[in-house]
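Here it is, the structure, as structure tokens.
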Amino acid sequence: ASLRDVVQALDTELRTFDIPDYGGAVNGLQVANRGTVRKVAVAVDASRAAITEAAISGANLLVVHHGLFWGGAQPLTGVHYEKFRTLFGADIAVYSTHLPLDCHPELGNNVRLAQALGLVPSAGFARYKSIDVGVMGDANEPTANVLARVEAFAARYGGSVRTSIPVGSRTTKRWAICTGGGASTETLREARERGVDTLIVGEGPHHTTVEALEHDFCVIYAGHYATETLGVQALGAWIEARFGVPWTFLHLPTGS
Amino acid sequence: ASLRDVVQALDTELRTFDIPDYGGAVNGLQVANRGTVRKVAVAVDASRAAITEAAISGANLLVVHHGLFWGGAQPLTGVHYEKFRTLFGADIAVYSTHLPLDCHPELGNNVRLAQALGLVPSAGFARYKSIDVGVMGDANEPTANVLARVEAFAARYGGSVRTSIPVGSRTTKRWAICTGGGASTETLREARERGVDTLIVGEGPHHTTVEALEHDFCVIYAGHYATETLGVQALGAWIEARFGVPWTFLHLPTGS
Amino acid sequence: ASLRDVVQALDTELRTFDIPDYGGAVNGLQVANRGTVRKVAVAVDASRAAITEAAISGANLLVVHHGLFWGGAQPLTGVHYEKFRTLFGADIAVYSTHLPLDCHPELGNNVRLAQALGLVPSAGFARYKSIDVGVMGDANEPTANVLARVEAFAARYGGSVRTSIPVGSRTTKRWAICTGGGASTETLREARERGVDTLIVGEGPHHTTVEALEHDFCVIYAGHYATETLGVQALGAWIEARFGVPWTFLHLPTGS
Amino acid sequence: ASLRDVVQALDTELRTFDIPDYGGAVNGLQVANRGTVRKVAVAVDASRAAITEAAISGANLLVVHHGLFWGGAQPLTGVHYEKFRTLFGADIAVYSTHLPLDCHPELGNNVRLAQALGLVPSAGFARYKSIDVGVMGDANEPTANVLARVEAFAARYGGSVRTSIPVGSRTTKRWAICTGGGASTETLREARERGVDTLIVGEGPHHTTVEALEHDFCVIYAGHYATETLGVQALGAWIEARFGVPWTFLHLPTGS
Amino acid sequence: ASLRDVVQALDTELRTFDIPDYGGAVNGLQVANRGTVRKVAVAVDASRAAITEAAISGANLLVVHHGLFWGGAQPLTGVHYEKFRTLFGADIAVYSTHLPLDCHPELGNNVRLAQALGLVPSAGFARYKSIDVGVMGDANEPTANVLARVEAFAARYGGSVRTSIPVGSRTTKRWAICTGGGASTETLREARERGVDTLIVGEGPHHTTVEALEHDFCVIYAGHYATETLGVQALGAWIEARFGVPWTFLHLPTGS
Amino acid sequence: ASLRDVVQALDTELRTFDIPDYGGAVNGLQVANRGTVRKVAVAVDASRAAITEAAISGANLLVVHHGLFWGGAQPLTGVHYEKFRTLFGADIAVYSTHLPLDCHPELGNNVRLAQALGLVPSAGFARYKSIDVGVMGDANEPTANVLARVEAFAARYGGSVRTSIPVGSRTTKRWAICTGGGASTETLREARERGVDTLIVGEGPHHTTVEALEHDFCVIYAGHYATETLGVQALGAWIEARFGVPWTFLHLPTGS
């Protein structure tokens, strides 16, 4: 397929230029290639390892959730130089999609994680400007069961899970999911205000655990990496279905 | 002892009004009491649990690293109300000391952690405005040995440890410590520029692991809570030595 | 009545969370109590005197126009400590309502002052974001008569009145009211542009008198305190009517 | 004298370009004239009345404390147009000096007011960036006596005086003066921290009275206009002494 | 005609208070006069030369595109003093209209320049907040022909023309005009994104030429002064047609 | 020579990390190469043309005055992609030096231009934070002679010259130089205040010509490109002298 066609299709499907995001995200095509896409690699992070593995795999389009420009306008020197040298040397384009992928109603990290955990979303969660980054829904089952499924999921992606409080014999009646760095003073407040009793996130700083404890509120920290592996995979499959180009997932866990 | 005397001594020793800090820290006496100090409780966080346990322990001065005002000017309602009701009901004063405690040359979290790990600091690390929050120094031993001591320390405080890369047969020649949320793009850059090969922190977000991996750089994440338990304890002992007032450490781990 | 019910009714009636305000206002419940409301005290300022008198009066809900947090996140030490100690000691909740009370169409300071002066408002005045803080209307009577009524009103509340220019034989054809610190370059400009000839305010700095003089424009300074006494009293009566809880007005003039 | 010489002498004496100030002050020559100074008028405010009286008096240099540009870049229309038309029509230059005049050690509003009240300053007060706007000093006499002198002074300039608390049988041991709009949360805090018991100011908003009351602290409000009449008069005399040009004071009280 | 009537008509026609602009523009009446308009002078810049020539011409209203207050609140000294002295001495009012004149659909600089070049606009160009400052349209003729007409126009106003690239045998299919300082990174990007091949501007800094070169994109720099001469002339004629007051154009080219 | 050595030498000589600059300048090594420097190309702008010619010339280090990152963190797509593809394809490193090159006392654009014009600098000019970007000095010769030399210089680099006023029979007694976009309200004011009568710059917007005219002040606009050609050439020669690596100047005039 032509790079132009794939990029245009992704921009449309993900509403790349309509979804708000942080400045460093630079959503959309971040680096071009010579114009055709023969194979797609998808990864959570545009790290040196991901770029190297993409080159080895023969891919010439790398789709990532965390792109190359979070550090702003940086010189291409050191590790940064090596990454771009590999990209240009192997003619690999990079397409990055941060919040547009988190919030996509079918391919998104949050919707897909809910599905993987057997939870059915009924509303958005984690307001950011004009969008809901995450999802929420109702349930009625022991929180220990939910936790067991989260643990099985995290294990599958090489991660581990901790909770803000022992789940004991609690029941999950309303849950919310916000993948990645999803625990913050704001998401905890929103969760409490909207009657959520179980909040599943990737990670969050120490003070979010303290705040959760104070309110006797259950946060399940399932790992930043693990919770964001599903969106890019869904996107890989979507590209193959649409353009007949094969894809591969580069599994590069970080322990975080 | 009189509250006034204890507060004055702490302000002087910790240079409370000279050390820069974030707005929400509000270092120094955060809540007064009726004027005397009979017993001191120290804790990492001014959480509801810490306040409740301080009341049960009969303390009427609570010294903490993370105080009551990080959320700005908040109404005293809900959990916040309950915390202040307990403080006023049990006549407990609260003294908070954030960066002044991190960077203190004898009682500080960073110096004390180095000491607990058998490391001898020779310089400051982690520049913040006019101060160095952390410490660094030279060594010459297998990183695996350093890691083993960090793991033993963390276990003692109910925490666990992970690293950005397998330590394998590496040697630690230059280390740095920055307790609490000490891993960031900035501390990683400073560490690399100053020749550090082993950086010991409390916690840090996912992207710090990715950045460390890219530079094949070893970060040891030892837990936010665990790495900040030593400073307040040192302060408790310092108050007892100076004013003859007994003290107790409220151990309230969060898993983070 | 339960505190929760009273607070909810006030929030709804005053549109507490819809009306814009300055950051330090912190409208709504500022300090909780143990949960019931037996007696209400109302006052213009949440001063130490007001809190002490509220405690003496046996009230356990204090409703004020100027709340406790204008200084931002402040340590509870000194006078600030004493105020909160009294609140917690006497189990007094504090409800604060600044612009929501100024602009309320029936209970508001501005509407009530117009009524007390025999003036009938026909429009809003003193635009602030999405609301009009004050009121304005038409009349046709000697300004000296209006002034006499303002003076009688101010005297009743222990205040005094001055004007930017001698009123002489002027006629008031269009008036505006903005209670409290209502005189500013902006309100004077708005008044002139909308054809107002008589502006009644609480207070305003020196330069507003100079500006009024320059435009030969009549500002009646009736006292910050006096002009803001009516709203909280209206609110006290409203609570009693609705919840059957007795109320009292704490009259604490400041001379300003 | 030549305008250039007078302006240069004033700039040097008042350190016009070294003293920090608010943006709207625009200290120094604000409007030029045809180049000579035959007569000087001085006034507190560059109001229309002051400009008209300056023209009537035959002055062609008007020296003021509050200049023409507090409103920023404004069109010369309406009253503003009339003021400039008079200035150009009568060939009157305007020299404005705000904080440089407040803080001048011999000609300043604050030093001169202390002198007029029989008080001897020993230090600066009311820090603003690199300068002290006001003055302070020690005394030992009934506050009622100080107040009586302030009242006599204010009466001489057509003003009136109020205090934050009844002075009763208090003794003034340490006083501070900050003319004009000198009462603020900041000056009150500085006064308390430095052991001042009697603060003499021009004016200040309602909340400063509440704050003073809370701390049982005596603020004497002596009128914005009255407290700032001395500096410009001192400057008039200084110009005459130096350049032999006659001067006149335009007394235009505002009641504030 | 009365100044009030002329100003009101201009404000309405130009939508002076609805069109957004930069702070220094201060659109509308900038300086009043004694109240009547007998003759109008129009000029691009409110320079000393324009004011002097307006006075010599007997005009008492000067209409300009670049007004007197771009430098903010400035003292009326030096050249600035001389300009105002001339204005007041000759009783000349100044009306300034910056973006409202650029974007006016009939009298505007951009529409008029298109017309003078034989181009028919079909849409707006150069988005600024809620308005389009410039215009664009379709054509089909050798760019060399367009350039020849621009050169003839510029020569008529004493200016010269340069292009970012040699126009060679290019064809202009879609053009855009943005008079004055119309070349910027933003207008060049907008032009490329909207399929424009020929962008006609007044001036722009060096880097705009580099950017144009890189994209093989044709910018015609026709001179800031020359491209903004038409709007004020159209306005002069409009005033005469409406109020029967004669007008004159003050041609004061700058070479830029 | 090794890239590391050349970069280190340039950083030291130019004080790359001590000289302040605008954010987009990103001074120093902007793109690395495989590690050796065999040939150096120097150019004013890191444009596509410069990169292409550098590749053709066989250079593998390109030294420029205006680097690649003025637009911030941009995707490498379109022309931007092509530029980087050429750089990586031809293994060309890019070193950029903006203000450090303008202000260098021997190799700098300003010093070198003075020298080329037969002028001897005696002081710095055009203050920017802690540095003087330009130079100034005294002379005593007809301005027409100075202008003639500027015109000869500009012609040599394919540019043209204009002046703010006809130079007539003026004499240049004090001159200043600020290359590139050196004419601004600030540099004109600084020039007048310091007694400069002839200011030589690259370019500046229309309003600088108007301001110069008003003050009857002579600005010579010599072309942004032409005035910044000397620094990079001096740097090329400096590298050859120091490292024995040949260099070439890529002359790519823009007409601006």
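Each chain gets a letter, A, B, C, D, E and F, in the order it is written, and its residues are counted from 1.
One rule holds in what follows: a contact is a pair of C-beta atoms (placed from the backbone, for glycine too) under 8 Å apart; a residue touches a chain by one contact, two chains touch by 3 or more.
Everything numeric in this text was worked out from a predicted model, so none of it was measured.
Asker: Provide the labels of all chains in contact with chain A and in contact with chain F.
Answerer: Looking at chain F and chain A together, no chain touches each of them.
Asker: I want to confirm something about chain D and chain E. Since they are copies of the same sequence, is their interface symmetric in residue numbering (over half shared, so same) or not (under half, so different)?
Answerer: At the contact between chain D and chain E, which are copies of one sequence, the residues are largely the same (over half shared).
Asker: The B-C interface: which of A-F, E-F or C-D repeats it, judged by over half of the contact pairs being the same residue numbers?
Answerer: A-F
Asker: Return the distance between the CA-based centres of chain A and chain B, expressed in whole Å.
Answerer: Here chain A and chain B have centroids separated by 31 Å.
Asker: Where the CA atoms of chain A average out and where those of chain D average out, how many Å apart are those spots?
Answerer: 63
Asker: Find the geometric centre of each of chain D and chain F from their Cα atoms only, then give the gap between the two centres in Å, rounded to an integer.
Answerer: 51
Asker: Chain B: which residues touch two or more other chains?
Answerer: Residues 71 of chain B touch two or more partner chains.
Asker: Please classify the inter-chain touch graph. Allowed labels: line, ring, star, complete, other.
Answerer: ring
Asker: Round the ring starting with chain C, chain D following: which chains, in what order?
Answerer: Loop order (chain C start, chain D next): C, D, E, F, A, B.
Asker: List the residues on chain F that touch chain E in their complex, please.
Answerer: It is residues 45, 47-49, 66, 70-71, 79, 162-164, 180-181, 185, 202-203, 205-210, 213-215, 221, 224-225, 254-256 of chain F that touch chain E.
Asker: In the complex, go through chain D and note every residue touching chain E.
Answerer: Of all residues in chain D, those touching chain E are 23-24, 26, 28-32, 69, 71-78, 81, 84-85, 88-89.
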